[in-house]
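The structure under discussion appears below in the form of structure tokens.
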Amino acid sequence: MSDSRFFSIDRPIAFESADSDTALAFRHYDKDREVAGRRMEDHLRFSACYWHSFTWPGGDPFGGETFLRPWMHGDDAMAMARSKADVAFEMFRLLDVPFFTFHDADVAPEGASLAEFNDNLKAITDLFAQKMETARVELLWGTANLFSHRRYMAGAATNPDPDVFAYAVGQVKAALDATHRLGGANYVCWGGREGYETLLNTDMKRELDQLGRFFTMLVDYKHKIGFEGPILIEPKPREPTKHQYDFDAAAVHAFLQKYDLLGEVRVNLEQNHAILAGHSFEHEIRYAFANDLFGSLDVNRGDDLLGWDTDQFAMDVGELKLVFHELLKHGGFTTGGLNFDAKIRRQSIDPDDLLHAHIASMDACAQGLLGAARMLEEGALEGPLAKRYAGWDTAEAQATLAGERTFEEIAERARTLDPQPVSGLQEYLEGILNRY
Amino acid sequence: MSDSRFFSIDRPIAFESADSDTALAFRHYDKDREVAGRRMEDHLRFSACYWHSFTWPGGDPFGGETFLRPWMHGDDAMAMARSKADVAFEMFRLLDVPFFTFHDADVAPEGASLAEFNDNLKAITDLFAQKMETARVELLWGTANLFSHRRYMAGAATNPDPDVFAYAVGQVKAALDATHRLGGANYVCWGGREGYETLLNTDMKRELDQLGRFFTMLVDYKHKIGFEGPILIEPKPREPTKHQYDFDAAAVHAFLQKYDLLGEVRVNLEQNHAILAGHSFEHEIRYAFANDLFGSLDVNRGDDLLGWDTDQFAMDVGELKLVFHELLKHGGFTTGGLNFDAKIRRQSIDPDDLLHAHIASMDACAQGLLGAARMLEEGALEGPLAKRYAGWDTAEAQATLAGERTFEEIAERARTLDPQPVSGLQEYLEGILNRY
Amino acid sequence: MSDSRFFSIDRPIAFESADSDTALAFRHYDKDREVAGRRMEDHLRFSACYWHSFTWPGGDPFGGETFLRPWMHGDDAMAMARSKADVAFEMFRLLDVPFFTFHDADVAPEGASLAEFNDNLKAITDLFAQKMETARVELLWGTANLFSHRRYMAGAATNPDPDVFAYAVGQVKAALDATHRLGGANYVCWGGREGYETLLNTDMKRELDQLGRFFTMLVDYKHKIGFEGPILIEPKPREPTKHQYDFDAAAVHAFLQKYDLLGEVRVNLEQNHAILAGHSFEHEIRYAFANDLFGSLDVNRGDDLLGWDTDQFAMDVGELKLVFHELLKHGGFTTGGLNFDAKIRRQSIDPDDLLHAHIASMDACAQGLLGAARMLEEGALEGPLAKRYAGWDTAEAQATLAGERTFEEIAERARTLDPQPVSGLQEYLEGILNRY
Amino acid sequence: MSDSRFFSIDRPIAFESADSDTALAFRHYDKDREVAGRRMEDHLRFSACYWHSFTWPGGDPFGGETFLRPWMHGDDAMAMARSKADVAFEMFRLLDVPFFTFHDADVAPEGASLAEFNDNLKAITDLFAQKMETARVELLWGTANLFSHRRYMAGAATNPDPDVFAYAVGQVKAALDATHRLGGANYVCWGGREGYETLLNTDMKRELDQLGRFFTMLVDYKHKIGFEGPILIEPKPREPTKHQYDFDAAAVHAFLQKYDLLGEVRVNLEQNHAILAGHSFEHEIRYAFANDLFGSLDVNRGDDLLGWDTDQFAMDVGELKLVFHELLKHGGFTTGGLNFDAKIRRQSIDPDDLLHAHIASMDACAQGLLGAARMLEEGALEGPLAKRYAGWDTAEAQATLAGERTFEEIAERARTLDPQPVSGLQEYLEGILNRY
């Protein structure tokens, strides 16, 4: 297989214009265009992911492989891993994304023991390092797959068996080493099996203590090797388990405070996980910023009518506009980025479907960013907001917030108050939003 | 109106037997029967609530009053409040519940100003104190209604208007004073409007700081007046708002840690709120115990197929068995109890429907308690649980948990491990559960 | 009260341009602009509704009135009804909507008996007829409120009490008479209480037979008086009841076939009801067209994260584009229209919030219509669709569909077939959608 | 591998008593005990299924095989199929279930062409026929897997490619032939891919017409070969697709009426599918009986908090009591039965977990049946129901239902009616339920 044969094109996708007729072109994403003081590329920090694009065969709970990728069928696992890497880097080049992400198990064969897996991962890390010398792409983050193998069926760090905990430590150490070696900007943990199927066989307190210990050791190790990026936890309420401990940003916030990990560990948020937890994506982002937890974003999308993780490519410009509004208000990404933790549908079996999907979503993000930047510039939402809370700027209100008033004093003053409500202007603001 | 006329009976409901033919009798709740070292009454600490039973007229979003209670129609608000109290205490007597609960607005007319409301509440508190001298019933908790009046439409403590914050302080001070005067065992806060309808007009960080300040002042005041019961927050994810800050036990846990309120404020959990947040009731209870947050329970029930708070009387013995299993494992209630935050259906317009509902649910609780006590006694669930985690009792595992091992040491050891998963025995344990 | 004082303006809202600075102006809705062969106004057939805009006081299940409308407080019910009508017709004029809709109970006091209610409705119908002589507005449909009064708590046509059934007949007859008199284009039935709270007290079969009889009689009566518009059923799965018989378009389809009402009764579809039933709005519309059930649309919107009917103003241009694509494909409305069964949020207490909400949603609809018209003109979706199913145009495939092949013949032919799947192109098509 | 080695026992499970200490024993299911005029076994008609118990390897969307069954790993597909059959029939014997069910693809290798698949299925059918000569077990129903292979990714009968339709016909014909040969009591169709992922690429009307044609041909073929059991459709709203045409019983009802299949095709209902569609299981059963659609039941269970099909073993005695109440009211099963379309959890990796799961669920069903039979015998629910609707038994009400009254006549009579609502007694009835 030669890389150039997998996709129909071999020239990187270029920006054209909103009404271009070229199928494989950007219509809005113009990486060098300056928006709100940065190049679009530097705002958006797009990242392609290895797992959905190159490792997932197209199966679902009721059906098997549909994609029939050439690198999935063969006897020599390392040779297949190298073929896969060739196609992956070819896609990064075609899409011209500045970042990528991977799990250890996406890129290297697991072998017959952890020792063998560690070695395979090192070999592939060497290969990546070599490819990255000439490619433009950098590593947004690495991570370890602690959920697919049957040894993890009852959890990794929260497993009832301490040897599984140890195995997880071994995998994560190697994955962090690889991430560090490749100059990764962050390291991510998704606790897909850190939760339970039934409370009948689960000791929640004990498992949370195990998890706290795991992260404490991980943070210690990170400092020891001089890895400077943050550790990120990715909240998700459920699936694969019935209930995951990293349910949402608030649950992670509670956990980090309890185990004294605040500041060391941040969150990697995803829209699909947010809505499964009953939150909007903006809510989770805002909560993270309000509590100094924000790390990075997975820019996929769920289906509001489905109760599971569909990991579709984000296409909703309106929603993305709100996401970027939150982000820009807080100065944009630092180490984080927009990772496409998104998979083409099982029926999208043409190799070029991978390109169409990324292009369409990158364009949607670019449109969202442009709208958000204009809204912020014009104070479309920030202006009314400041006005709404203006009452709290008075000296008396500030004294209350500063703890200089007692309950009795305020209660006494309230006896003759008759505060009059004012309109929340929701529809007016929704109309404003539609203008950008 | 005479009390004895409202219900069809005037003798307290008595325990008979499981196969009794008496319509208004207990079949399982035998208050003096000893279970796991306490009288049933002391385990269950049942509490009837004022609002759903006596203040709600039977309306829903698409229809009005159905109950036509005599005390809801008249010109003299204080006289009506006294009539209502007569019927309420009559029901407490007939059901022989040891506790009741109320909001300020349930029991006293709001009047034309806070000053007037404060006065009315004091007058009713006097009336209650007098009734409680002869009645067996005590006060489980009091609370203030900070959500029904239009002044609170955009929140109470989190309102954009500091005068509304002040008004809320005034109401809560008075409600806590009343609770203290009546010997209440706890004081509860439900932040029904402490959240948002849309993020477009909401400054979440600012509002959370306001809320933190509110609770800090409330705790200070509680200590000042010598109120010894805990302050309880009642988590609920949404309804009436789109999103409430006290989403679930974990969100409250994060909030309490951030604003240094842990230990002072605990949670009052409700099944219906739990399932709206995507959790089982047992999950919330277990989370609360695992993080030393547990306070009290609202023992109603939601409908798994409906997306709103139905507040039905709990009737599911299987679920209640698990609730009491959690509770008994941790030594049962201290200040908390089982509050019937439950309303009879809008079509249950007979006065006796109030009795039937409480009786049926009290019996279901009694059955759940008996099953749970036997399970604990026989170690039906605790035995398999201890066995499952036995591996963590080894010296090496304990050293890991105690922070005496590094990531590298464990990773090195893991290189040759091959941990074998063992069955989680879920169906076996579910079968065990059905035997009790 | 003079009409001109209720809103801040007295000149009808005008179309300006997309970047107009006027707060109260249309930016996209230009009623006389021709799109796909019709004026925008004739495509969209906007209708304002009486109930949410003028009858709902701003309450929710946890709070009371917020709007304090002048016509809601007074002693003379008919005078208040007339005041309300003045403001309503003023809003119709300011928004320049071609249609309006109402329930009997929205416009006329219910009085002390059905006879009195019938008389009041006739008086208001006279008033409306008189106002409509000079106003531009017409009646899209009328309907009867068979769900708010306590007599309907257990259903109207499906009530266990035949006298309630009779009362419902009496109300519907009068409402249809009023609709006919005012030249209404349709008559709508929403069975808000035609369902159950619990199966324990419900005889479903019996109730469905009652409902079938009710519609049969209604259709007979409609023909008798010469009312030419269709009868429309409005599907909704639940709320206020636990389960409504008109769950979704398919459930209504099954009902209409069983009781031989197909062709006489059609559906009035709503986005919020669709998503509560687990469907997208486009799904319901497409199902209705595929089965010749389509009637009219309620153009409001739900909140995907909330489990109840929020009835918000539709603002999502992307979704509306798909709605109009369905509609235009099938030739657009005949008797139907776009009814704003939408309420401003409880906190939107300024009278002008009513205008802002309608304007923003009318503009969003106009944008959706324009996008849909261009997509259809260019065959953006229809082209790929025809290509996808082209295999079924062969003679053999057509013979199969025509019933000219047996199972055995086809099975025999299949023994050597090896059909190869082709890409569904979902992301490509989603990208296309974002271009319009 | 010898059969006796797979499970820990080789003696069939026996009925002991409610307080038996034997782990592998029935505590309530006593097959020969007479209940409501039939043996328990004849009421319950339990069926074990091949797919979940013997074909599913324990994977989920985030993890692979956990069970490592010996018959899943080898080179000789037919030899493995025979090994699997040995264990399956051993389990049928140990559980002493009177029925089993299978998909074609569960029992026979698919081979390289349909012809080869057909041959393999015939060979396995011969094996089954031979085993069934000596075993007690009979075939409840057979079915074809039209969803796992990639050729079906866009549907089977509703596929855009008529060759896939043909392939489906070929598979179903062979599966029905096998079912007929083995004396199957029913034939089941589950349309797992008969729906869509996105409306953007879907022609719903065309696909429904294809589906109608498919069933018409299948029914013709069934009659031709003299298969006397009904064809059953299994409703499910979604998963694997975004939307399935057989959404719920009502959607199937609409489809069957439209394509004139009523009476020939019935429904096979499942609790998990019901709740995914927003219905209780009892609702679907009642709907099916009310419209003469009832066929058979899958007796598994979903998790109310999860949005996907968990297919857990039914353990909730309270819910099962209602299921059997519906069933017994209508005379119980004719051709149908209780199929365990249920899988042990992914972590239940001990072979005996299969036995524990079936035993616990069979016992729960037995308890439900006993409770339901007593409720019916005593008229616990039927008595109050008859009383509630008694008003409809009057001559006037019957005349209305019989079509002997007009809308005008009834409306006229209603002018002076003032029907008074009566209590729905919901809590009272829920209490009654808990007594059985």
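For clarity, chains are labelled A, B, C and D in written order, and residue numbers in each chain start from 1.
Operating definition for what follows: a residue touches a chain if its C-beta (ideal position, glycine included) is under 8 Å from a C-beta of that chain, and two chains touch if they have at least 3 such contacts.
For clarity, every value in this text was computed on a predicted model and none was experimentally measured.
S.K.: If you apply the touch rule, which chains end up adjacent to both chain B and chain C?
M.R.: Correct list: A, D.
S.K.: Counting C-beta pairs in contact, which comes out ahead: C-D or B-D?
M.R.: C-D
S.K.: Please compute the C-alpha centroid of chain B, do the same for chain D, then give the distance between them in whole Å.
M.R.: Comparing mean C-alpha positions, chain D is 39 Å from chain B.
S.K.: Where the CA atoms of chain C average out and where those of chain D average out, how many Å apart are those spots?
M.R.: 36
S.K.: Give me the residue numbers in chain B that touch at least two other chains, ranges are fine.
M.R.: Counting only residues that touch two or more other chains, chain B contributes 66, 150, 153-154, 197-198, 238, 276, 278-280, 305, 345, 347, 349, 421-422, 424-426, 430, 433.
S.K.: How about chain C: which of its residues touch chain D in the complex?
M.R.: Residues of chain C touching chain D: 113-115, 118, 150-151, 153-154, 160-167, 169-174, 197-206, 208-210, 213, 216-218, 220-221, 237-238, 243, 247-248, 250-251, 253-254, 257-258, 276-280, 282-283, 286-287, 289-291, 322, 381, 384-385, 388-389, 391-392, 394, 396-397, 400-401, 403, 405-408, 410-422, 424-426, 429-430, 433.
S.K.: Which of the residues in chain C come into contact with chain B in the complex?
M.R.: It comes out as residues 58, 60-66, 68, 147-150, 152-154, 192-193, 197-198, 238-240, 242, 276, 303, 305-309, 345-347, 349.
S.K.: In the complex of these two chains, what residues of chain A are touching chain C?
M.R.: Interface residues on chain A, with respect to chain C: 18, 23, 27, 66, 275, 278-280, 304-305, 313, 315-318, 344-345, 347-350, 353, 356-357, 359-361, 363-364, 367, 421-428, 430-431, 433-435.
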